[in-house]
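Next up: some structures, all given as structure tokens.
Shared between the two complexes below is chain A, which has chain B as its partner in the first and chain C in the second.
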Partner chain A sequence: MGLIEDNDAQFMLLAGFLIAIGLVITTVMLNSIIFEGNMAIGSVTGDSKYEMVNLMQITTDEIRSAYRNSTEKDINKTNSTRNFTRQVNNFSADLPKIYSMYGGGAKITYENWTNKGPANFTENGRPGGNNNWTVVEGVIVKNLSVFNFTINLTGSIFKIEARNPTGSPVWSIELNTTHYNVTNVTNSTFMLIPSDRVFNLTSPVYYFNVSTSSYPSVSIHIIYGRNAFGTYKILGLANNRNFTRERDYVLNTTVALSTSKVKANISMPVTVPW
Partner chain B sequence: MFDEKAQLYTLEAVAAASIMLIVIIYAIDATSMTPLTASTSSVHVEAELIAMGQDIFNILDYAEPGYRSRLKMDIAAWDGKEYIWSGSNYTVKGTTNVTGKLTNLTELLNVTLIKQGTAHNLDLVFLSRRPDNTTYPVKVKIIYNGDPSNNAVIVSRKIVLQNSDNLNPTNPIEDIDLSSNFYNIVDIKLTLWRM
Partner chain C sequence: MAPESIIKNEDAVSVSIGFILMFAVTVIVFTGVMISFYSLSQNTEKTAMKESFKILGSGLANKITTVDTLVNVSSSFGATVESIEYEFRLPATIAGTTYTMNLTNTTYEILLEADNGALVGAPFSVSNNFTGRKFYGGAEDYIITYDKKDKTIYIDER
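Coming up: the complex of A and B.
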């Protein structure tokens, strides 16, 4: 029996074969494109984010260091802002030279505290920040050396609270527009707010030490932080380590990073001195 | 004129050409694959090394308010000497003296990179001052374990040093700003590669 010559069948087979090859090629190419695309996006976002965070960190470090150094050296506000500006300007001028080695660029803009009010008592120091927050935990009361607040009210109520290790309030000072009220587990004291609005809370008149020293440690909290602005400084021992919590101002700062992969501008609040 | 045979031959030729093209591309790709050729897996290895390097710096460069980071303490305490991994310790190049200054760095590198057999170099880039008070970047080696391979990755971390950081007198990083507490900006570069 001879071979049957069927051109239609050959056409169909060949067409099927070509479609199969086409599908394989398309799949392989699509896979390569997706993989390369993901790798490229991953490298740009990951590395650039890391670089950006690092730039924000060194800028924050430098601004805080310049603030501490200038205010410790000179209590006169004009002199201290001049020293601060000189130090941050020098840092700002040298910063791009490090980045330029790799074809990138970095720039910072900042402000000093001339004509600036103290920070709000919110967590990040800004008016819209977290209202109720923990300043420090694990404070050993007998080792608390400084616990100072300067408080100006903008709302009806503001409160500082100490809680024992189980989270129960054991002492608090609550301020309204004219008076403050100290409450501990046994009694309550209602007094006029001092004219200078400075509260040295380790002083016996505020009953902090006597109310809290029987506990192994306490945590310090701020309640209704948006209702007040001012400064605070707390120094002592917490969790067997010396700690510092201090804030005077929030300085608005902008960092700009430019690399071959990304250009970014970020505004950030820098709390000083810490 | 409608010639089905001619159409069939043309289609067969296209199919044959496609197969030949695929075979040629495959052959070229296959022959150029060497141990150092970048591939899907090597890209992942590089990504892992970058993540590990960044983690190392994140751990070392954390500081609570009122404290200096361990990375900053090590860089300030560095004696300016070049170190190599001698098989059991980081020693000063050309001697058997063990480093006593880069404690935090070498401890962490020992338990992370050395344990995994990841080769690494550590370099510093900082600014140096010319007589006319302009500054320029300088690169020096802290840890040198050989030339990196083609698949090496570099992770860097920048820190700012202050006069109050009290640098080791033999440290080559100089004070570029004599008028304020600002001392220098240092870029710490960790080069990582698989042996």
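Coming up: the complex of A and C.
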């Protein structure tokens, strides 16, 4: 009662103060509401590229593994392709289960090597692949145990070259339709191509070891890879680690990934066994 | 009237004049408050659009880069990309205002612009060919595709 009847300005001051605070609070709240109301909802969805890369890598690994498992255990081609198909089919059947956890789907198609010829000597094994490429670097020659090529020419010239650590050629074997020519830093040898077209390049007749063993390491390169097809196998030590470079076939594979946002279809050559 | 008498005078204006004065002051203050709220909301709208443009622009740049990366990674496997489709959705309006989206292949930038002057650029980087496009407001569903024939990334409305 006393407060209402009091004619002094305390109540007025208090009311004014409360109104001022209320106004500030309302302004700040209104500002936030308007700002949030106007904001677009920008959701950055998770990337699918990692799933796709993962799918390509595990498919490549699985096909190579299946090839090695089947060919190493069974020399019979029919049995080996059957075992290969069985292993890859199991993998293919499990893929949708794995990718369903990510809310997507995955599918692969593949082929076996029945009725398939050897791969081209390009980087990816396909006729249109990289013509000139490096097979392996840092090879320690004294530890090179296998260096075999089976070569069939489709063009006029094909070349395998060894280069020293500075990149200078120190040895090469160049093939034409009838002859091969081995060249090192001191001389050159011109010979007929063997009838079975198999080149065991660690053999003394090719002068590889004597031409390269004085260098701490060499790199092995293929030149004009589109002009030839066949198989190769190189085993040894490079950069103090064991390595295997081997190619028999190129198996055409497709991988497809589908999520709610992304659909990708990629055809991928898989070189086997490595 | 002497100055002393003004200080000591405790009379006020009449009730009518007092009411008019109070009413006028109230109207002026109320108008001022309303105008300040209006300009505040306008600024907030523009700021909100800019912030939204930043989010949308960087998100779209991320999606374009994802497609580009997929193509490049596939090449590193010796693989060929037969098709990639990346669907996404953008709001048709932001803060009730439509906007334009200009994707340039000269400066590789996504420029988002509204009529109220809000303009934001989001840079992106691609190593494959990219076809620039300008989209005017209204569309919501878009798709990024890769054409293996001309090795180009396209973006289009669905």
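Note that in this section the second predicted complex is superposed on the first by the 227 of 274 C-alpha atoms of A that agree within 3 Å, B and C clash if a C-alpha of one lies under 4 Å from a C-alpha of the other, contacts with A are read in each partner's own complex, and residues count from 1 in each chain.
In this text, contacts are C-beta pairs under 8 Å (C-beta built on N, C-alpha and C of every residue); 3 or more make two chains touch, one makes a residue touch a chain.
It should be emphasised that the depicted structure is a prediction, and the values quoted were computed from it without experimental measurement.
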| item | value |
| --- | --- |
| Contacts of A:S188 with chain B and chain C, given as first, second, both or neither | neither |
| First (chain B), second (chain C), both or neither touched by A:S203 | neither |
| First, second, both or neither for A:F35, with chain B first and chain C second | both |
| First (chain B), second (chain C), both or neither touched by A:N90 | first |
| Chain B versus chain C as contact partner of A:S156, first or second or both or neither | neither |
| First (chain B), second (chain C), both or neither touched by A:D61 | first |
| Partner chain in contact with A:N79 - chain B first, chain C second, else both or neither | neither |
| On chain A, the residue positions that both chain B and chain C contact, one per complex | 35, 39, 42-43, 47, 57 |
| Touching residues (chain side chain B, partner chain A) in the complex | 4-5, 7-8, 11-12, 14-15, 18-19, 22, 40, 43, 47, 50, 54, 61, 64-66, 125, 127, 135-137, 157-160, 162, 164, 176-177, 179-182, 185, 187 |
| Residues of chain C defined as touching chain A within the complex | 33, 37, 40-41, 44-45, 47-49, 51-52, 55-56, 58-59, 62, 66, 69-70, 73-74, 77-88, 90-91, 94-96 |
| Residue numbers on chain A that touch chain C, as the complex places them | 23, 27, 30-31, 34-35, 37-45, 47-49, 52-53, 56-57, 60, 123-126, 129, 254, 261-269 |
| Touch list for chain A against partner chain B, complex | 7, 10-11, 14-15, 17-18, 21, 25, 35, 39, 42-43, 46-47, 50, 54-55, 57-58, 61-62, 65-66, 69, 83, 86-87, 90-91, 94-95, 97-98, 101, 241-246, 274 |
